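Everything below concerns the one structure shown next.
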Amino acid sequence: MSEGKIKQFLYLNRKAPYGTVYALESLEVVLIAAAFDQDVSLAFVDDGVYQLAKGQDTKAVEMKNFSPVYNALGDYGITKLYVEKESLDERGLTLDDLMNVIYEDENDDYAEKPSIRLVSRAEMAAMMETQDIVLSF
Amino acid sequence: MILHTVNKSPFERNALNSCLGHAEAGSAVLMIEDGVYGAMAGTQVSATVSAALANVKVYVLGPDLAARGIAENKVLAGIQVVDYGGFVDLVAANSTVQAWL
Amino acid sequence: MKFAIQINEGPYQHQAADTAYLFTKAALEKGHEIFRVFFYHDGVNNASSLTAPPQDDRNVTQRWSALAKQYNLDLVVCVAAALRRGIIDDNEAKRNGKSASNVAEGFRISGLGQLIEAGIQADRLVVFGD
Amino acid sequence: MSEGKIKQFLYLNRKAPYGTVYALESLEVVLIAAAFDQDVSLAFVDDGVYQLAKGQDTKAVEMKNFSPVYNALGDYGITKLYVEKESLDERGLTLDDLMNVIYEDENDDYAEKPSIRLVSRAEMAAMMETQDIVLSF
Amino acid sequence: MKFAIQINEGPYQHQAADTAYLFTKAALEKGHEIFRVFFYHDGVNNASSLTAPPQDDRNVTQRWSALAKQYNLDLVVCVAAALRRGIIDDNEAKRNGKSASNVAEGFRISGLGQLIEAGIQADRLVVFGD
Amino acid sequence: MILHTVNKSPFERNALNSCLGHAEAGSAVLMIEDGVYGAMAGTQVSATVSAALANVKVYVLGPDLAARGIAENKVLAGIQVVDYGGFVDLVAANSTVQAWL
């Protein structure tokens, strides 16, 4: 389907989950994107970091809890989840407050490795500059 | 008195700040939806919210905390957690509801 | 006590549409009266009979229709906002030369005066939006 | 239509015009409200103060310029437009940057009077406390 | 140059729907190619054939239909987002047991793969939203 | 380089701030829709935007200024006003477009 072109695709997530649909429908695109053999990265910046929070329980709001899907991304070959440290800090969060998203590295005897890459704002900005296509939601 | 509702993240929008700047002493503020992030301890806005507690009563919607994975022990001391029934009671107990959309 | 509800946003895109429903249900279960639910701005999209969300997700429109039936609710969709956004009943379809109508069961289309009247008649107006 | 009850209705405007529809559709409610013999006030707070900016010209964005409607409100008996000074200050605006919204006072030989009432944040908060019904957009 | 456009918001509620149109038109007038316009989230509501805005206002849906005809544009509406929000074509109406369809002329319903493909094939993707 | 677009008022949301915090030296920022308020001189955010001009090129969409009644002489020095055609040219001239929604 990709006709030989490989591009850097960035999914930019800056919004909290549930208050609006963007986080959920962004994930739906990412899952489809996995079929296209492109180089996919996800960025979690500002309120986007809340999407990865541990322990989400949506029963009482009667919405679908889509947070387990992040952990399935590795099976789709999506293993680069960039999380910005400054965004966590402002919100009083650390990596311990986030889900432990992992993938199995097929080039390393299927060893389990973390998908979340904690980066500084400067590193996030530099990573953004390497992208071809940025999908914002 | 007014029941003020805030449904926006205080890190994304100015709704909570503007609400607290207009809430008269003794009025009530209820955080719902993405507004519940304003109830967490240890954030960049916690000090502002804590200070406001001297002036206004602050409530937060429990179902929205749970959806977002915020344990109740992460909520600032002095903020009361309510469910939808509690939200209804707050509306009934205050003469007017003002939404900070 | 008598409540009126105003909803400014459409289903799924904003949680406002969910919170309004859950608040209304809780108020009814506590024995309060809901004088009227008024759908304004993109809120009119909650009334679309053509939505078909995934089976494992809530159905926002059907949920309102069912609640309206159970409690005999008055669900009013603002006509001006609805025409802008393509929510029309049989009358408006005829008047505007449209081939179909799409207002779900339990909703009716009417004017903005219904919102003001709700504000006058109800003890409280609660607004849900973005 | 009002069946004898007179309530204080407040229309709370906190959003800029054109970027979203709220300012326009809020005005549409206000015009209808005028038929109901209630006590109507409009509050312009935060970005809501931009709604009253002078010189709006929407030709190039192909949207309807609804700003002239504010000046027609007086004919509908709507004469209380509260504008918050702090909101103006933050945005580098003064009353001179706003439209000169006026009404004719039928109790004073139809003298032209300003509809805009410049108030402090504290005065705005106190005015809000006197309201029965607050419509937010 | 080849552009792809993504629109996340519905008509009238957000200016994003207007800016996307005016940008697309300007790009075409400068001789660029629009590979595809993809309507996602509430953006799917731009495709409703049932809108009837006031005569003195722009008609967002008809404007897209006309531009699509003039320049042979590919206007694609995301099927998953559209089903959630009640935008359906004849096929989906049949499949979901709905009494009507409401996709305006010049729009077609398809999958999210069309958005990714647009990102791959176009030189630029420009996103308009809230 | 990236063309960043900002369509939100800097007084309501954090989009402009976050954008400027991530824009690399030499990149371009285009303010559109309610984002154009960020281009005005004499506001609480003018100093931040002026400082950013040392690092990035800033543009503002003229049709959105006009709609909001902002005369071009109220725009901060160093910010260039463009029309929709200019927006198209900026997209073509930069390798990637990143929207701060």
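Labels A, B, C, D, E and F are assigned to the chains in the order they are written; within every chain, residues are numbered from 1.
In this text, contacts are C-beta pairs under 8 Å (C-beta built on N, C-alpha and C of every residue); 3 or more make two chains touch, one makes a residue touch a chain.
What you see is a predicted model, and the numbers here were worked out from it, not measured in a lab.
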item: Graph distance between chain D and chain F, where chains that touch are linked; value: 1
item: Where chain A and chain C overlap in contact partners, by chain label; value: B, E
item: Centroid-based (C-alpha) most distant chain relative to chain D; value: A
item: Contact pairs, highest-scoring chain pair; value: C-E
item: Longest centre-to-centre distance from chain B, chain (CA-based); value: E
item: Centroid spacing, where centroids are CA-atom means, of chain A and chain D in whole angstrom; value: 43
item: Between chain A and chain E, centroid-to-centroid distance (C-alpha), Å; value: 26
item: Two or more partner chains touched - positions in chain C; value: 8, 12-13, 15, 19, 22, 41, 54, 57, 80, 125, 127, 129
item: Where chain D touches two or more other chains, by residue; value: 15, 18-21, 46, 61, 63, 133-134, 136-137
item: Residues of chain B engaged with two or more neighbouring chains; value: 7, 11-12, 14, 33-34, 63, 83-84, 96-97, 99, 101
item: Every chain pair in contact, whichever chains are involved; value: A-B, A-C, A-E, A-F, B-C, B-D, B-F, C-D, C-E, D-E, D-F, E-F
item: Residues of chain A defined as touching chain F within the complex; value: 10, 12, 14-15, 45-46, 121, 124-126, 128-129, 131-134, 136-137
item: Residues of chain F that touch chain A when the two form their complex; value: 1-2, 14-15, 18, 21-24, 27, 95-101
item: Chain C residues within the chain A interface of the complex; value: 12-15, 18-19, 22, 54, 56-58
item: Complex contact set, residues of chain A against chain C; value: 18-21, 61-64
item: Of all residues in chain F, those that touch chain D in their complex; value: 7-9, 11-12, 33-34, 37, 40-44, 46, 62-64, 66-71, 83-84
